[in-house]
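After this come two complexes, each holding chain A, first together with chain B and then together with chain C.
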Partner chain A sequence: MKRLMKKLGRYTLIAAVLAFVVGMLMPVFYMVMMSFRTGDEIAQDPLGLPSGLFLGNYANALATMDYTRSVINSVGITFSVTVLVALIGSMAAYPLARNTSRFGRAMVMLVALGLATPAFVTITPIYIIFRDLGLLDTYPGIILAFTALNLPLAIFFYVGFIGSIPKDLEEAARLDNCRDWQVFWYVIRPLLGPATATLSLFVMLAVWNDFTYPLLLLSDPDKFTVMIAVYRFVGNHNIEPDLLFPAAVLGSLPLLVIFIFFQRRIVAGVTAGAVK
Partner chain B sequence: MKSTRIAMAASLFAMVAGGAMAQSVTLDVTGWKGNEAEPAGLPELIAAFEEQHPDINIDFSYISRSDTDIVIPPRLQGGNPPDVLMVDMPLSRVWGEAGLLVDFGTDADWYPNVNPQLQNAITTDGATYVMPLEVIGMGLYTNMGLLNQVGIDSPPLTIDDLVAACGALNEAGINPMLMTGGFPITLFTIANGAEAATTPIADLGNGEAMFVDDEGFSAALDTLRMLAEADCFDPEVMAGVDPWSTALAEFQAGNFAMLPQGAWNIGSFSEAENLDFVFGPIPSASGTGVAADLFGIGWAISSATEHEEAARTFIEFFNQPENLQVLLDAESAYSPFIDGASGMPELAAAYDQARLDGGIINYPFSVLQWPAALDGEFWDSLTGFLLDMSQDNSEILQRWDWTVEDNI
Partner chain C sequence: MQLKITKGMFVIPAVIVLGVFFIYPIGLTFYYSFTDFTGVGEAEFNGLRNYDRFLARPRYIEALKTTFLFTLIVVTVQTSAGLFFAAMLHRLPEIRNFARAALFTPAMMSFVIVGYVWQFIYSPFNGGLNAILEAVGMGGLARGWLGDPDTALMAIAIAHVWMFTGYTTAIFLAGFANIPADIDEAGRLDGASSWQRFRHLELPLLAPSFTINIVLSTIGTLKTFELPFIMTRGGPDGATRTLSLEIIDQLFGNYRFGFASALSIVMLVVVILVAFVQNKYLRSREDAAS
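For the complex of A and B:
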């Protein structure tokens, strides 16, 4: 009886997890299904399944959104920002994590304020500063803006993670005559791998999906990101489903490929420290 | 001698080329129409403009209406604004009064031709910051194919017609109406409330009169309650239906017979095969129905532009009837100018008739009679009303009064 109850509990749990996963995947499934349906099919039965794989929608979307160029821009910007955020964030976080004085804690709180500041408060100052620096409509400008916007998250994230690394490792390195920089680079940095993978997930998602800052700071269509290309298919009062859905699939596809590629590292990062 | 001649020719060419290059201007234009989803004829109009004016290039950027609030102010404040901006009434008022837009005054060529009511709305102390492009109707879409199935051959104009249609449709197992939360129920309520209002509706937005004292708006809420009781719609379901995607798709699919919405959807609905629909006024207590006109969009020029003359040329281009007609046809809109043309198709004849019969109101938010914050309050409180129709009318009306009080 006890065994039966245990089995039942397990199956219930599996069923609940499956239902949750199905619920989470439903919008993605809907998006992909819609992308293969003609406009008339969607109009006649909005929630129906495609009668066949109509690829004309993709051809139309590709022809309209300058896909290759915009994907290259998005990949370049996202990759640059992720590397910079991980590098600068970890370097900034290391001394803050090890400085437990009141000043150190105050600095961490100051950085955390950056997380709490609403985007619309910073948007005008960022625009004016970048205009004065001559960084409007440049790749370095948009990369710098995204890096600055994501650094508070990175620093806050790394401070917590570095705080959990035993100081003994650093002391051992110092006994071997390592300087602070060498301690960070050869001892701490390699241990940040899982945390960096997790952080990269957040940063990549935020940068890839954002279109406000590219819209604000970029004006040359050749520099537009893929999300701006997708954005063209969303109206104020309606949408063109036969164009929007394939564009949305195409827009999220590169990121999906990247995540599949890094899946193991990301999962390792998320679960790091969960099991001793 | 030969080399002198060549040098002279080269100098002349350089002067001509240099002159031509100096005259060439690129205008940075932004707008929330002109993309794939809502082209509004802008791509072809811009192409036609550039062909007519080879010295002016248009660099058009699509920025949605909601993102315009986020993206354009930093550019205006940063002294690097677009040369020409698409604006609506609230934007033109706020940016104009802040000195960020060119004042066209009242002596612009097009100004005397603007419809007097609209002229009044766009002018503040002699200053005019927007050249209007269109007036769009908001009314009731009716699937005549479904109504014909139950023996009804014209769209409902009165509440009694509507209730009768709901009864017949329900009997035939057809969903009568998409009275969703947010915009559709707000449109229906304002149309009925404004028609029956016992005070001038402008006074309700400036604090000189109170919604809670106005019998017209209270009656409009009673009408909604009565329609729900007549099974025109399921209020709890409607509270959760998205008015901008699901509702449109459901109507287009022929799953519901009626939908209050704006004429901007006529184009996309017309593309649906097997959808036999008309666009008419919002049914009301009077016999005409209510044609709710909305001042949609207009062009404004940034006061910081270095190309004001070219920007004015661009705007004037839209004032020419044959050019404006392209936009009006694409938008299914009316011209904002006296004796201007209409882009409304034949299927909107009932809406046209209601206007001719005097059943017309200017949507109070679009002519700044009511504060913009009240719009959001209408959406929220009426969606809440769908979830709990036993609420006392005065509770809802009072919330509107408080919002007005907080925003005047």
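For the complex of A and C:
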């Protein structure tokens, strides 16, 4: 009897905690449900479920906000930044990891500064530098700006990871007369896979969702990222639910799908990044 | 002679990118902060006038206070909620992975989307929150949550907390996982209840997770501008005008680059100072606990 009570208590607890967790998911559920309802339906019953699979909102959003174009832009920018950050970051981290005395501490300081620096401390000068160099409203410009923004964390991350790779491997390669860059490219780089995977997810998340840099550095609608497209489409006054919700779903969908497949890795990676 | 590529040269691309698009801009902002730069033409040096202006006008001190209040609310609620979920999920391995991923989902979304969705939830026109209140017979409380100076800041803080509670939970869960199993076991054998084990064994050992969570969320919240920017633009009556929002307005509303730069430097110093003091205090607490 006592054991039964204990078991019952445990199930009650699980149900209670699950209720809280599901409660936290409600806004996401709400967003999806509302995206299938017309403005009139929402006005009549603000909490109701969709009466059917009404796709008119999506058709309207897709036609007006140039979603496909913005997804292509976002994918291109995010991909380029991720590759550049991983490449430049791991290259810089290699000598730093092997020479911790002087640079190690400087790097930690730089990362701390990078994390603490509000976007607008760098954004104004970047705006001016870009204007003078003709990089405003260009893909290379926004890619470089994002690369710089994410580079300190990447270097920090790789320094820690490379530091844990035994030196014997490199020394063996050196005995075979490998040059430094060959050691890096053929010995070190292939071992960085797990670190790169985690870092890439992190950078991808940051770049895809960022709002500040593209808002200020891009003005040509053909170059808008998804978030800017959503922002412009919904507008800032009197937001209309039949515009807002489909745009919100379309904007979040790519990352939510990726999250469903890689959730363990993403949660573990982001947590590891923070704990380090 | 062939040019030899040495290991040291691998840092060159990083030095260039960081130098031109990170370090140099910070230096430039520092320089602008002592000028009357407007974005075009020459920047005229005007000494400490921008900083004087910041200290002399109550408007900016108010903005700093709003920033601190917002951060205090977010950090307190988020840390408490994260700790609650982590302590529960640590005890309930059956649902741990599902719940951790579910709680993390909002962090996958952009500030833009979180801002808009919550703006509608709080809306006085068919918004979700008012509809729920009506449904449970508390319609008297219904209002335009973002339009009321008494509730606007809190409403934005809740949206912010909602977004990042999963993050805090995941970090606390990692902390729980680091607690040696025999410590909890010993407590259990001594007949300590679940609550007693949490309060006297786990809580002290979670000190490092507290440090990470509090410092990270404080830094992130102090410098954030996205949610207030999207949800209220600082209104109503300046109730949600944080320092970061003030900077954006000075920059792209008024083109007062010099003054905005000074505000940015103030912000940077505040963030670094707060993070430094917190880190020092929380780490000494960690040492005391171990």
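Keep in mind that, in the parts below, the second predicted complex is superposed on the first by the 210 of 276 C-alpha atoms of A that agree within 3 Å, B and C clash if a C-alpha of one lies under 4 Å from a C-alpha of the other, contacts with A are read in each partner's own complex, and residues count from 1 in each chain.
Keep in mind that, in the parts below, a contact is a pair of C-beta atoms (placed from the backbone, for glycine too) under 8 Å apart; a residue touches a chain by one contact, two chains touch by 3 or more.
On a predicted model such as this, the values are computed, not experimentally measured, just so you know.
J.: Counting residues of chain A touched by each partner, does chain B or chain C come out ahead?
T.: C
J.: Could you tell me if A:28 is touching chain B, chain C, both of them or neither one (first, second, both, neither)?
T.: second
J.: Which of the two partners, first being chain B and second being chain C, lies in contact with A:38: first, second, both, or neither?
T.: So A:38 meets neither chain B nor chain C here.
J.: A:244 in the overlay: touching chain B, chain C, both, or neither? Say first, second, both or neither.
T.: Both partners, chain B and chain C.
J.: For A:219, is the partner it touches chain B (first), chain C (second), both, or none of the two (neither)?
T.: First partner only.
J.: Regarding the shared-chain residue A:252, is it in contact with chain B (first), chain C (second), both, or neither?
T.: second
J.: Where does A:124 make contact in the superposed view: on chain B (first), on chain C (second), on both, or on neither?
T.: The answer is both, since A:124 touches chain B and chain C.
J.: For A:234 in the superposed arrangement: first (chain B), second (chain C), both or neither?
T.: Both partners.
J.: With the two structures laid over each other on chain A, which partner does A:149 touch: chain B (first), chain C (second), both, or neither?
T.: In the superposition, A:149 contacts chain C only.
J.: Check whether A:138 is in contact with chain B, with chain C, with both or with neither, and answer first, second, both or neither.
T.: neither
J.: Touching chain B and also chain C: which chain A residues?
T.: 42-43, 46, 120, 123-124, 126, 128, 212, 216, 231, 234, 236, 239, 241, 244
J.: Inside the complex, what are the residues of chain A that reach chain B?
T.: 39-40, 42-46, 64, 120, 123-124, 126-128, 131, 136, 212, 215-216, 219, 231-241, 243-244
J.: Mind listing the chain A positions that touch chain C in their complex?
T.: Chain A reaches chain C through residues 13-14, 17-18, 20-22, 24-25, 27-28, 30-31, 34, 42-43, 46-47, 88-89, 91-92, 94-96, 98, 110, 112-126, 128-129, 144-145, 147-149, 151-152, 155, 179-181, 184, 205, 208-212, 216, 227, 230-231, 234, 236, 239, 241, 244-245, 247-248, 251-252, 255-256, 259, 263-264, 266-267, 270-271, 274-275.
J.: In the complex formed with chain A, which residues of chain C make contact?
T.: Where chain C meets chain A, its residues are 4-8, 10-11, 13-15, 17-18, 20-22, 24-26, 28-29, 32, 39, 85, 88-89, 91-92, 94-95, 97-113, 116-121, 123, 126-128, 130-132, 135, 162, 165-167, 170-171, 173-174, 212, 216, 219, 223, 225-226, 230, 233, 244, 247-248, 251-252, 257, 260-261, 264-265, 267-268, 271-272, 275.
J.: Under the touch definition given earlier, write down the residues of chain B that touch chain A in their complex.
T.: 28, 32-33, 35-38, 59, 61-67, 70-71, 73-75, 77-80, 244-246, 248-250, 252-254, 262, 264-265, 268, 271-275
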